[in-house]
Amino acid sequence: MTDGFLDNAFFRNIYCNLASSGSDRCAGGGPFGDGLLPPGWEWLAFLVTAFVTVFVVVNGALMAVNLYIWGERRLLGRLQGRLGPNRWGPFGLLTPIADLIKVLSKEDIVPAAADRLVYSLAPVLLVVPVLLAFAVIPFGSSTWAANLNVGVLYLIAVLSVESFAPITAAWGSQNRYAMFGGLRAVALLVSYELPLVLSLIGVLMIAGSLSLVDIVNAQDVPFALVQPLGFLVFLIGSVAEIQRAPFDLSEAESELVGGYHTDYSGIRWGLFQAGEFMSTMVSGAIIATVFLSGWRGFDFLPSHAWFFIKFAGVLFVMTWIRATLPRLRIDQITSFAWKGLLPLAAVNLLASAVLSLIWPRPSVGELWAMAAVNVVVAAAAIYVLGQFGPKPGERPRPAVAPALGATGREGAA
Amino acid sequence: MIERSAIIDIVFWAVAALAIAASVMVVTVRDVFKASLFLAGSFVAAAGLYVLLRAEFLAAVQVLIYVGAISILIVFTVMLVRQVSGGNRSGGPFFAIAGGVAAVLVALAISYAAVNSKWSDLDRAAAGDERVAAALTGEYQAQQSPGNPDVDLVKVPIDDPEKARHGVFERTTNQLGTMFIRDYVLAFEIISIVLLAALIGALAIARGARDGGTS
Amino acid sequence: MVEHEPIALTPTPDNPLFRQTYELDRSEGAVINQMRATHIEQFPDPLIEVPAEFRRSIFVGSIDALLNWGRKSSVFPLMMGLACCSFEMIASAMSRWDLSRFGMEVFRASPRQADLMIVSGTVTWKMAPVVRRLYDQMAEPRWVISQGVCATSGGPYYESYSVVPGVNKIIPVDVYVPGCPPRPDALIYGIMQLHEKIKRYSLAGRAAGRE
Amino acid sequence: MTIVLGGEQVASVIEAITPGSVTGHDSSAAWVRAETWPAVARGLHDRPEADFKFLNSVTGVDYIDHFVIVYHLTSLGHNHSAVIKIRCGEAREDPVVPSAVPVWRGADLQEREVYDLMGIRFEGHPNLKRVMLWEGFPGHPHRKDFLR
């Protein structure tokens, strides 16, 4: 086993305090003395370290999601000319806590027709991948739970498991609304996964690594500038992947009641909500890391603050989108993915491939040159693609169902 | 005293048991939807085995493609099929015999491959082969010996300090990419053509069904 | 009450729409008629009772306080508008009155996830089974506000042939908000009264009037 | 503004379409015999000089000793409107009038409502059943003899 995990200061501190100093893995012991455990008990130190790390990451994520829900509700309120939650606790900060208490103490209904196993599995399938995704995100210059050498791929793989949740919930609850929501969700997720992954490949070619830490280190110029098209596609694609407005048609409340979680109540529904908000946070963190140069910034603020600023900025934009745009139909959404985002991602991929052939290991100046070329490419690609779509003000002709065509015109001459 | 390798052993056996159990459930459970969920579970377990073999790239791709895409499509298809939870009736003795023969053949093939493979790296590391152990811990780079095919690995000092710290098996991604584009490019492209043909065929079938079979 | 025989219908059985829906209509009508015949007595208003042995218990009391605080601070209303009062209900969630200050902007469309049913407006007998079903589908603990005089007593349609004389004949009601329709201020005052009521629940005591 | 045709004008138009179908007229409406109503309706809808493509409303009136159905029609092309009344039967028992649904589909729900609340049958309606009240409600509440 490689000892890459000891690069992490947090890991190292815990492990080396526990493990014997005779171990060659942490020469010099931990910062607070060494070797609480006798030699030969390194496995226990390893387990404890792993457990503590997982504990910190999971609970940190769960606390952060409370904060984020509060922030989103306040921000939505401001964007809609309201005040937002402000009664319970200072600035309404305790409102999500109250939601948590209420949801925990609410009756947990399992419908009689539901498939109990599948029904109970669905919230877990939503929450666990998101929590797993938090593991590789670098929150600061040396703060991460794991630095995988396939970090980006890991993130995408883990988050793709998440698309099981809607369909499992839909099937498990045996509800028609849920079934419609689940089918829509899967159509949406399968459509947007492709442009999402393709738009990342340009970044990987420039950074030359799949590790998120390496990608941040390679961003002497933020990749949002170097890869404007990829950034755009990834932003739209990730908003679609987490199924927020305007892509929230899978839980469209005005038509499908609650979509795939219609029949969930109590803490299971709470898990769904928490999972959705956490996946929003993960998406924001990925965008901040991969495209906005993560923790890097100027020296007057610590790296964690820079990460947090970018992260919050991305979340602000996502909330802004949610408050602004109306919901789209399923055919509009899928055709936008296949006819709009996929060609754009392919153009981005092609341009990045050519550019990374010209400048294999780009310096800062070369990165700026790439940015200039790519901005032109992005503008041209979007303009050309726009020529194929419907013009502004042009409406698609509504399709007449053939069965209605005969009887619908009865008596109309 | 428990070594860290013992933990890895425990994890291996757990994951392997999970994979086998999930696979058995796939073929025994009557509900097709649940069967497809178990299929996804066995894919995840296979990815876990890849992680234990330190093929993280392969594991991530396994989860991404098999769990995230193929299983989802299977589930999606299952939901559009009638009579899901009742299970389908058995196809008679012919299918049972054919299935049994196919299963036995596959098992034989896998056993043959398992017995005749050179399980060089990990076994020898465990057995104390100092060359492999050195390669794994990053002291030496493992390379195929050009002259003598019986010797798997020769000592080549690692010049890259980053690599030396992590060991040589870190950058499997690059090696895989090189293999795909250089050594196995023909097979790679043939598979691509087969996939393209399947795609076009599916498209033709779908369109024909919609236009009343005329196209 | 003069009994009328229903006029014999000349059904049009050739029409597929009629064939498909007429039996459904009849069974639905039977349910409504049965409800009309049986739901004559009002449900008693849910009362707060704290058993004497728990009244002094600090432990249970503090758990209660926490639970009740959480429940009162996040009451998610059911997205259900029956009549004109629902516009006042919607207005109370809009920017001028802003229900979201209480953490209540989360109007849930699914009854499973809602805590509060605001019966906003006239409940006709044809709607009564639906209201009852939605109430039954809500998860405990659940509360009901009867908004407006129509929901409370039938209002201007009192003793009408099609209007339920008070929604408390169908479901137990916690808070009544009078008005025709009540202004959003009045509705929010009613909601704050409900908050006061929720604060007095206890783990051991169950509210009266539940079935 | 829409030109409101007087009863006399409407009556002459209808007479031109189907002679012998008008039983009388007053200042605002023309009275049509019930059994000729399908032909009259078809003519009012199709004839270019009438061109009543739009049905505003169908109303039932209880005159204690008989029922009357009132149709309000509008021509969007000529921008004029007309009122047509039909007396259903001689007495209260079993009031029947031919349905206008084959001509104007918009009459569907309105005729059902009139049936539901007044108890007037529309012969030829494709789906005549209660729409406001539930199936099994005793009587028709908008009749003047309805008491609860």
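So that you can tell them apart, the chains are marked A, B, C and D in the order they are listed, and the count of residues begins at 1 in each.
Note that in this section a contact is a pair of C-beta atoms (placed from the backbone, for glycine too) under 8 Å apart; a residue touches a chain by one contact, two chains touch by 3 or more.
Worth saying up front: this structure is predicted, and the values here are computed from it rather than measured.
With A-B and C-D as the two chain pairs, more C-beta contacts join A-B. Each chain gets a centre from its C-alpha atoms; the one nearest the centre of all protein C-alpha atoms is A.
Chain geometry summary: the mean Cα position of chain A and that of chain D are 61 Å apart. Distance between chain A and chain B, defined via averaged C-alpha coordinates, is recorded as 27 Å.
If each chain is reduced to the centroid of its CA atoms, chain B and chain D end up 75 Å from each other.
For the pair chain C and chain D, the distance between C-alpha centroids works out to 40 Å.
Chain contacts: chain A has no residue touching two or more partner chains. Not a single residue position of chain B touches two or more of the other chains. The part of chain C that touches chain D in the complex is made up of residues 1-7, 9-12, 15, 17-18, 21-22, 25-26, 28-30, 32-33, 125-126, 159, 161-162.
Looking at the complex, you find that chain B touches chain A at residues 1-8, 31, 33-34, 37, 40, 44, 54, 56-57, 59-64, 67-69, 71-73, 75-76, 79, 85, 138, 166-167, 169-171, 173. On the side of chain A, the complex with chain C involves touching residues 73, 77, 80-88, 92, 94-95, 97-103, 105-109, 253-254, 257-258, 261-266, 269. Only residues 94, 119, 121, 123, 125-130, 132-141, 146-148 of chain D touch chain C when the two sit together in their complex.
Looking at the complex, you find that chain C touches chain A at residues 66-67, 69-74, 79, 94-95, 98, 100-103, 105, 108-110, 112-113, 115, 139-141.
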